[in-house]
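Down below is the structure, laid out as structure tokens.
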Amino acid sequence: MARVIVDVMLKPEILDPQGQAIARALPRLGFSGVAAVRQGKRFEVELEGPADEAALEEVRKMAETLLANTVIEDYTVRVDQ
Amino acid sequence: MARVIVDVMLKPEILDPQGQAIARALPRLGFSGVAAVRQGKRFEVELEGPADEAALEEVRKMAETLLANTVIEDYTVRVDQ
Amino acid sequence: MTDNVERAAGTPDEPMPFAELGMKQDEYDRVKEILGRRPTGSELAIYSVMWSEHCSYKSSKVHLKQFATKAPKSDALLVGMGENAGVVDIGDGWAATFKIESHNHPSYVEPHQGAATGVGGIVRDIMSMGARPIAVMDALRFGGADQNDTRRVLPGVVEGISSYGNCLGLPNIGGEVVFDPCYIGNPLVNALCVGLLRKDQIKLATAPGPGNKVVLFGASTGPDGIGGASVLASATFEDESQAKRPAVQVGDPFMEKLLIECCLELYAADVVVGIQDLGAAGVSCATTELAAKGTGGMSVDLNLVPLRDPSLRPEEILMSESQERMMAVVRPSDIPAFTAICEKWDVPATVIGEVTDTGRLVMTWDGEVIVDIPPGTAADDGPVYERPLREPAGQAALNADVPDRLDRPADLRATLLELLGSPNLASKEWVTSQYDRYVRSNTVLAQPADAGMLRVSEVMAGAEPTTRGIALATDGNGRYAKLDPYAGAQLALAEAYRNVAVTGARPLAVTNCLNFGSPEDPEVMWQFAEAVRGLADACRTLGVPVTGGNVSFYNQTGATAIHPTPVVGVLGVIDDVARRVPTGFTTEGLRVALLGETAAEFGGSEWAHVAHGHLGGLPPQADLEAERSLAAVLVSAAAEGLLEGSHDLSDGGLAVALAESCLARGVGASVSLTDDAFTGLFSESAARALVTVRPEAFDRFAKLCADHEVPCYGLGATGGASLVVEGVLEVTVAELRETHAGTLPALFG
Amino acid sequence: MSARVGIVTFPGTLDDQDAARAVRLVGAEAVPLWHADHDLKGVDAVFLPGGFSYGDYLRCGAISRFAPLMRELVPAARQGLPVLGTCNGFQILCEAHLLPGALTRNASLHYVCRDQRLKVETTATPWTNAFAAGQEIVLPIKHGEGRYVASADTLAALEANGQVVVRYLGNPNGSLNDIAGIRNEAGNVVGLMPHPEHAVEDLVGAPSTDGLGFFTSILKKLVDA
């Protein structure tokens, strides 16, 4: 069994109010030195078989059509070591 | 400027309804070979300075108190290359 | 190896961790006596949760009896206390079922999930009566609005209720948000759900008919809320080390929504003989209660319970509090139809056992018998305590510290604004705008109305639309109850009853959630006993029976308990929702009248709290006969179409009621007072309401009041852009609004 | 001819009964459509109601767009079948790429339920022909993810083609260009965040009956056709 990680983040040009709210809250909580925060999603996909190229291709298709909305989001797919 | 990634996932023993709903939907969408899906959050924290140990310690504290809800979530902090 | 019955019989002296599971020595001895041997680990799991305070009501039972023994005669009551929820007849063949329940401690630990699963739990109670859930309400108490932890707890609680209730498609039609430092560390989250069903379709939690199948359906079982159970699984019998077991339960509102629709379709297909939701104590509770109320026996193969985490041990499966699960008893011939409906809704369903006539609940694991008990001994025959009571040491001094010594304000305008902007009286829109109040399109009244009101229409396929409606309100004032728990409970009922009546609905029945400190503290127990006695007496006087409720003890930090906080919900019925009375001033040129008598009553008042941080003296007098007459006038006048608007008087007195009435639609008013203006404006005397009447209808209305011996004082008229109290104060509605609306957003963002 | 308006129920749909009632109120026939069927039952128009289909898990509308029924609906909509999606229905239409752009988390980060003032920008759709252009109406909104976003090009095209159907007066969620609802280029597919089906009766729901216009519009369109 292998695990594949899909990270999904809003495209840079799309406003991220959650990330902004966190960045705004940081100084109030005593944290300094942070220029910006962006919040996205992380999926851990457990495969039944090995993470071979065919399986990764499936996960990429899954990311492209389901896990990310490519109108507003970018994604990356990688095997977890 | 350096970027630190904070990954936040529900603890393994905690129910993840979102991940479950995705996993249940996959076969219907024509994807097979996936045993389970878990959904979590990914934060990209842009630092004003370098990602030295002091800065990482700050981010860890931030993750512990703000980015993750440690009652139900675990987190990892790492520098983005 | 798993502990089994045979092994238990052969090792009578093996020590069992009953104390770690919260069981007392004498309770454990009783279990041994019932079984004639030591319990197995699984049996101990069952008895320990079923005999816990939460499930057995062992400290409260002797007092709660009064709700039945003192209950007024009511033709409306179809199912009384003791079932998952009470059911009342609301006419035209319809019945309503409603109940309020606490999820206080979980909401402190994890506000979002705690509050969310609180909603989920009460909704399943309503479903299990055979009803379609149609609305929710939430009565909330937090620490001081400016206290740090309140900033953590409140937004999470509101988000949890919002995300869960909205996702179920249940309009939120009312509730309360109250702040007091006494709740820091012990916030109260009381959730109410109401459902509708046809009178002849009530379902009960019972497992009759040997041979009938026991079906577990909904979510799979995981290690939720079983921190305690790992003691059993690891400490005694298991050598393999146990995974961490979370005390926090996470809700899946989508699964719950599927469960609702699935259950309703199962009911319509008539394939359910008995049904029970899984709440606290999960499978232990569902199996023992169903079996005890049915033919008396049941056999269950625990290996068949679908698990989210395959490492769960039987003791843990029995104690798991995983959400979104139900248990049904189904005739074998109906199993295919039952399964097909579950499949349609994507709800997993598994037959895990069968009804028997042996009088025993028998469970197996890996082919061995691990439970063999008479189910009634766990479900019904738990311990009952008559705990010692003692009036709190400081009670007399507290009552003697009357508010007479407090400085009266010179500037009543400033006092009004100070009160109106204080967190307890300020607009709750920051909270309520996060709740869907429109879904199902039957909401007649929701925030900021005194009571929520729903049209009874198109609830189930094929049912005739009606003009009928139900109204609901919840109330409770911890400060009043602290000063006098007997009167405080009565005042809570009186206010909820009055809030229902001002909308034109006739109050019919009561539910309640009793939030107190530790029952092991005799002073808390005294407060509890007094509150129950007060509520039961008041229900009898007002003619409204208690149909169900919930007790939440141990709301305390160290030796410091919260204010005793009985929260009371009242359900009323209105024949035609077109006759409902809106809250406040609807239009210009109406006569404004005050109903009821005003005395100088400031003990526990909002004014004493806000202006002086003072709590002492006695709460306002609870004059239940006056409440009853007032309600009679309001209901008759509404039915005759005499009222244009109404609003009850409560916290902050007439001044705040006038201001809120102006805010309802932005219509001002000009009124004058004859006696002492401070008392007239800020006293919190009960049994009062503010009404508006068209000038031409006023004589008729005044006559109605006279007939019922309800004092009616003309105060003035609506109109203008300000609230004017002649010779005392004048504030524009705009300033009122700014003051009222700004507070919560400023605090919580 | 009686106008038959299909109303889709996904798992987690909430406003289907409300929509059916609104359709019946104007004298049209409401035809229930089930997400798992491959059958549009020959309806003349389709309403995708609001709710939390699939719990809104992952992203609102992301899982629903793969429903068997959507495989029938998407080509039919491309061929001109009038379709209205409100709230979750709008989100599904965007996810299915029948409408451009996407709906994201409200800028306030809070779910918001309120009576919202709106301006009807175009009456050139089968769902808004009963309004006057520029008419101000009040409808309830109730959503946590209603902030409309699209690329600058898409936004410019929407504005240039008159595809903005309703605009917020007082932006409740940070939507770009105050957009509350849009249509596709052909005009037959409309999506909006507000809920017309909750504003069709005097006594219940929002304090307006402005939602009726959407239903009388489609009836008029279908009867005139």
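The chains carry the letters A, B, C and D, assigned in the order they are written, with residues numbered from 1 in each.
Throughout what follows, a residue touches a chain if its C-beta (ideal position, glycine included) is under 8 Å from a C-beta of that chain, and two chains touch if they have at least 3 such contacts.
Only a predicted model underlies this, so the values are computations on that prediction, with no experimental measurement involved.
Chemist: Tally the contacting C-beta pairs at the B-C interface and at the C-D interface, and name the larger one.
Modeler: C-D
Chemist: Give, as an integer number of Å, the spacing between the C-alpha centres of subunit D and subunit C.
Modeler: 36
Chemist: Roughly how many whole angstrom separate the Cα centroids of subunit A and subunit B?
Modeler: Averaging C-alpha atoms per chain gives centres 9 Å apart.
Chemist: Per the centroid of Cα atoms for each chain, what is the distance between subunit A and subunit D, given in Å?
Modeler: Here the centre of subunit D sits 29 Å away from the centre of subunit A.
Chemist: Can you pull out the residues of subunit D that are in contact with at least two other chains?
Modeler: In subunit D, the residues touching two or more other chains are 54-55, 57-58, 63, 66.
Chemist: Which subunit B residues touch at least two other chains?
Modeler: 17, 21-22, 25, 29, 39
Chemist: Of all the residues in subunit C, which ones touch at least 2 other chains?
Modeler: In subunit C, residues 252-255, 346 touch at least two other chains, as defined above.
Chemist: Going by the touch definition at the top, which pairs of chains touch each other?
Modeler: A-B, A-D, B-C, B-D, C-D
Chemist: Which of the residues in subunit B come into contact with subunit A in the complex?
Modeler: The touching residues are 1, 7-9, 19, 22, 25-26, 29, 31-49, 55, 58, 61-62, 65-67.
Chemist: Which bits of subunit C are touching subunit B when the two form their complex?
Modeler: These residues of subunit C touch subunit B: 109-110, 113, 219, 222-224, 243-246, 248-255, 308-309, 322-323, 346.
Chemist: Could you list, by residue number, the parts of subunit C that touch subunit D in their complex?
Modeler: Within the complex, subunit C contacts subunit D at residues 162-163, 166-167, 169, 252-255, 257-258, 345-346, 432-444, 455, 458, 577-578, 580.
Chemist: Across the complex, what residues on subunit A touch subunit D?
Modeler: Touch list, subunit A to subunit D: 10, 13-15, 17-18, 21, 66-67, 69, 71-72.
Chemist: Please name which positions on subunit D make contact with subunit B in the complex.
Modeler: It comes out as residues 54-55, 57-58, 63, 66.
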